[in-house]
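What follows is a set of structures to go through.
There are two complexes below, and they share chain A, which is joined by chain B in the first and by chain C in the second.
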Partner chain A sequence: MATQPAERPVVKLRLYVAGNGPNSVLARANIALFCDVENEQTCDLEIVDLLEFPQRALADGVIVTPTLLRLSPLPARRIVGNLSDRDKVLLMLRAV
Partner chain B sequence: MSMRAQPALPALAKVLTGIRGFDEITRGGLPAGRTTLVLGGPGCGKTVFSLQTLANGVRDANETAIFVAFEESAERILSNAASFGWNLGALTPDQLFFFDARLSPETVTVGEFDLVGMLAILEAKVREIGAQRIVFDGIDVLLALLDNAAAERREMYRIRDWLNHMGLTGIVTQKVSGNESDRRFGFLQFTADCVVLLMHQVLDGSAFRNLRVMKYRGSGFAADEFPITLTSAGLQLTNRGPTELAYDVSDERVSTGVARLDHMLRGGYYRGSNVLISGAPGTAKSTLAGLFAEQSCARGERTMYVSFDEGAKQIVRNLRSVAVHLAPYVESGLLRMFSTRTRGPNIEDQFSDLRAIVREHNPSCLVVDPLSALSTKLSHVASADAAQQFLDFLKGRGITVVNTSLLDGVNTDEVTATGISTIADTWIHMSYVVQDGERNRALTIVKSRGTGHSNQVRELILADDGVTLTDVFVAQGKVLMGVARWQWEKDSAAAKQGADEALERRRLQLRLAQAEATARLEVIRSEMAARSAEIALLARSKGSASDLDATDIATLHGLRFGDDDDVAETAPDSPVSEQPHGQGT
Partner chain C sequence: MTQHPEMVIATLRQRLADVEGTLDAVLSGEIDAAIDPRDSSPVLLAIAQKRLRESEERYRSIVETASEGIWLLSLDGTITFANERMANMLGCAVSDLVGRSFYDFVPARQREMAVQRMARAPSGVAEESEAALRLPTGCELVVIVKSSIICDAAGECSSVLIMITDATRRSEAERALRESEAEYRQIVESTTDGVVKLDPSGIIVFVNARFSEMLGYDAPELIGEHLLSIVMPSEREIVRDALHRRSHGAAAPTDTIYQHKDGKRIFVNIAGAALRDAQDRFVGILGVVRDMTERRRLQSDLIVSERMASVGTLAAGVAHEINNPLAAAMSNLEFLQEGVTKLQALGDLDHRVDWVREQFAEPLADARDATERVRRIVKDLMIFSRSPVAEHGSSVDVNTVLESSLRMARNEIRHRAELVLKLGALPAVVADEARLGQVFLNLIVNAAQALPVGQAAQHQIRVSSRRDADTVVVEVADTGSGIAADEIGRIFDAFYTTKDVGQGTGLGLAICQRIVSDFGGTLTVRSEVGVGSAFSVTLRVAEDAERAATQPAPRIVTSYAGRVLVIDDEDLVARSVQRSLGASCNLVRCTSASAALALIEEGAFFDVVLCDIMMPNMTGMDLYHRLLQVAPAQARRMMFMTGGVFSEEARRFTERSEIVVLEKPFSVAELREAVARFSETRELRSA
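Let's look at the complex of A and B:
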């Protein structure tokens, strides 16, 4: 994988958090680690604070926080939780 | 009864649920601005209870509300609720907002999460539409994903605090299906301000739903289990009946079919009243009910005879043997016989069928024979409630109802337990009196509301030519019936005859004596008359002599030409002159 980084598709992610609650802080940290591992060029991450934009969360069908959406590549994926199990997160986000 | 009329206490404001009966037992509904926990197993009506409360609030109080669905989609809930006639489809999302809080099946859980985000979304929505009520339906589904009891508890507290902070009247439903769940969410019962338990049980193959208020902070409430039913109007408590007992009452009397019983009741049953005839098997309860039905038909009134356990034709035949003829009225359509079995799928359904038939036939007099068949086979409380509701329905239509109730012996506890006795306006009890080797039927009027009634026991006599009541006799502290009564009547008749004869003898004697006296009186009277005649005669005799003295002596003297001195000397020769000397002085 390391020999062909350019061919790796861009992973588009959106993370919904709620302010600085414990789970939200953990999720931010964990997703940052994931993007480091994956290479920043291939990781398009948007973090949305639900407390500021509840309507966006409603539109995205977000119920709990934190919620991580993989918007691309398809199929879309949805992970809830503070992403504490990094291996599992990697597995989920890499899978096509 | 109506809580609407009472001002809410400042200490604890309440909001009406609009659920019939529930607002009464909680004395005003759910605690306003607080959390109510609705517990129950699957199919108990938690969702219906919650949604109905919201829908009623929107409709009746012009409130707005949010329904957070963790288990079912909004579409599914709406279609399920469509049968209730709440017309939820007509409500806009600004009035009743459904928040679909189901996690899609593809969702993967990695690590802990919380409801801060959801509450933020809901808070925005609450402010947007100005919601006053909110329901969290099936939140355990979501919290189960946490797989961490402490985290679950934390999130529940979060919801409760949020509700308090928002000042929302909240309902949180929670599944309870065993001890495990009870332990898991037991703490909820301590934190919630009001806890309502919905239960589902099957008794003798019939399903019953019950509701119980387990807890209500700062408020009194009825803590009993109340049966609930799902009707076209939604969930309701069934035993409360109409909240206001406002029937039209009539002073008109309806004949019982037995002239002497009419007399005992000062004219018969009141029209539109409930009559209960209780008694052991074979005490002629059905006969009395049949007489009432026959009499009603004879007046040309539409009549209905509902029998449990016995076929219509059999009843008609049996009543014919005591000269109660129902067959002509059945043929003419005036009398509707309806026979059914008591063991049905559900007692509520059974009464629902009965209501439909009553509406269709529209009788003014009705017999239910026996009402107790319902209570003996099914759960007492539930069936009595259903029966009471049915009787309320009949009373609301002004139907005069005669119910029979099977009771062993004279133990009245049972009929009291079924609650039927309390709604009966007139209660007639039939019993057997066993005495001197025979069994006789005795009739007593236990109570009769609003009318004087005889307190005496009567003997009921069934004969080929009809039914009559006769007086019973009390002799030497015993009630005499049957042969004993006949013997007593015969003896007393004989005694009376003896007394009559003695009297006649005495009368004759006196008459004889009177006749004798009269005769004697006649003799004396005759004697008296004779003496009187004699006296009169004597008087006359004396009178003639005196006249001679006074008037004729001078003449005589003149005739004799004697001296005046010689007048006296000459007199003694005359017999007339001698009399005054011998007798006249």
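Let's look at the complex of A and C:
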């Protein structure tokens, strides 16, 4: 993992999706947009398919998809839904 | 995922209930899948939602298109759902119903019951009952209420499903049906005809009161019996055929005879119809049965009165017929009487004889002709007044009867048509003079009445008789208006008439047909509208026809020389007999049978006793029987005279072979010949 400039801290994210379900597809598109274009911070994004790894979801306390987890910086946060609420998602990414 | 949609939904509901903080997301529809924490199995939400939607839509469409009102209640009676139909039924909007208490719509008197019912609901028993709903307007609605409890997959029962059917219309329809049934029952029970319903095999399944009364049974005794068991044994074969035909659709009314419980015969007329169900299957026979016993009795009475009536209608014509010759006879006789007084004023004998020849011959002949005509008319009348001799007829000369009938009807024909008469040579037929005369007279008068008065030259009545093999055919045809095809089948029906009220009873042809068929003959009709009608009477030739045709040849007797006793209560007759038999014979007159008896008991003996049959006090028959005891030889020399046989006793008396009867009126020649012939045969027998 490369060292990032101080003004752009790394945000570690994990998105649980359910295959190609409509909300899952939408959530993937939304988070990619926010991380790459709108967010000035670097995103470390892992996408986990619940249908393949249900045990991981349960380990993370995720029972519905799509669910986006912010693993770091702490405190950990989560958003349930297809991430269409742009303000809510950006706030989660920025608020350090 | 091959689970049943309802199961998926139920499972989903359960799982989602465990998910905290995700309800908004679930409800917002942003969730694709969920995972069951208990077994870590994922559930794809999109698929489940789709199925849920489909299932809900299906239920919604069922619920919304249902003709029942549907309510979903929580256990405390709060309405959680109502369909459109329910709202319509109550006259308000669905939104007005949800959240209100079900009890708001239950009338106060039924509230207790409704509460109990709700309490019973969780036990899972579905109920159906009639109840009332109170509408917001205050009116009440009669409904059928069905309730059942709804439980979820986990067995939790929290809702009651109530289905409401508007029973107002149903109960109205049922009431109308009940009323209509009652009405028909009343019609069936109050009709004067018997009504019987049979199953396809002929078993009685229903009878009305009249039917059981007619047969003397109680209805339960008849039901379950075969119809044939109440039919007279002699008629059973015919009824069996009729039942068979009726089950195949033919339904002409038939006459038959039933047997009353007490055994007596009941003449009935049955109009039956095959009963068919909605699928056109034969399910039985409905019969309307009319008791004709009384009518048959009346009919035979009517036949007598009809004959009297047909004679009555001709009485005026006959009086007219008699008056003409009578007037001629009277005036001629008066002329002769005057002549006798003038005779004395005349001179010598030769002159007187010439004068008498010249003056008396013509009026005498005229008077004689006139009285002959009266005699013939009276003889014709006698034919019609005579009571029927034999039920099945004896040998009768058709032409004689036909001529008599024509003379009787002359006055009816004269003003309406020209009479064309064609009589063939005929053997005697099986008939009865009086009744056959009635038939002919009826046909002739009918023919005449079919024609208008005053156009006699344009119309004809053709009467003909001819032999046809073993039958004699008499035809009476007119050139009247004819009978329409749809009426021709009814003209032989009793009481069917086209004449004005009072003109005819409608019995004439019906009776004619019966009389003719009694003789073993037929009465038929041919008719063409605008051309005329022709009635044909066909009669059987009598077996002894040839014998009846031979008559002894008359011979001329100018005088009789013997002792003769004439007994007649009418002295005019006795005196004329005395004159006719002439001075040559030794003749004694008596005006009573008792006087004659006294004479004979004193020892007098006569070669011939000419005695009237019908006399007051002692009749000719009484005298005969008395003489058989006191003076049998004298009794055997009794010859009888009669002006008409009025009693049954007298009729039987005159039919006895040893009795010789001379019918009044008789001519001088007839009297002389009869007395001479009688005297000769008796002389021979006693010699």
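Keep in mind that, in the parts below, the second predicted complex is superposed on the first by the 86 of 96 C-alpha atoms of A that agree within 3 Å, B and C clash if a C-alpha of one lies under 4 Å from a C-alpha of the other, contacts with A are read in each partner's own complex, and residues count from 1 in each chain.
Convention: a contact is a pair of C-beta atoms (placed from the backbone, for glycine too) under 8 Å apart; a residue touches a chain by one contact, two chains touch by 3 or more.
Every value quoted in this text rests on a predicted model; they were computed, and no experiment measured them.
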item: Touched partner set for A:88, first chain B, second chain C, both or neither; value: first
item: Contacts of A:23 with chain B and chain C, given as first, second, both or neither; value: both
item: Partner touching more residues of chain A, whether chain B or chain C; value: B
item: Contacts of A:77 with chain B and chain C, given as first, second, both or neither; value: first
item: Which of chain B and chain C A:65 touches, first, second, both or neither; value: both
item: Contacts of A:12 with chain B and chain C, given as first, second, both or neither; value: neither
item: Overlap of the chain B and chain C footprints on chain A, listed as residue numbers; value: 17-19, 21, 23-24, 50-51, 54-55, 57-58, 62-66, 80-82, 84
item: Complex contact set, residues of chain A against chain C; value: 17-19, 21-24, 50-51, 54-55, 57-58, 62-66, 80-82, 84
item: Complex contact set, residues of chain B against chain A; value: 100-104, 106-118, 120-121, 123-125, 142, 145
item: Contact footprint of chain A on chain C as seen in their complex; value: 18-19, 21-22, 25-26, 28, 30-37, 40-42, 44-46
item: Residues of chain A touching chain B in the complex; value: 16-19, 21, 23-24, 26-27, 30, 50-51, 54-55, 57-58, 61-67, 75, 77-85, 88-89, 92
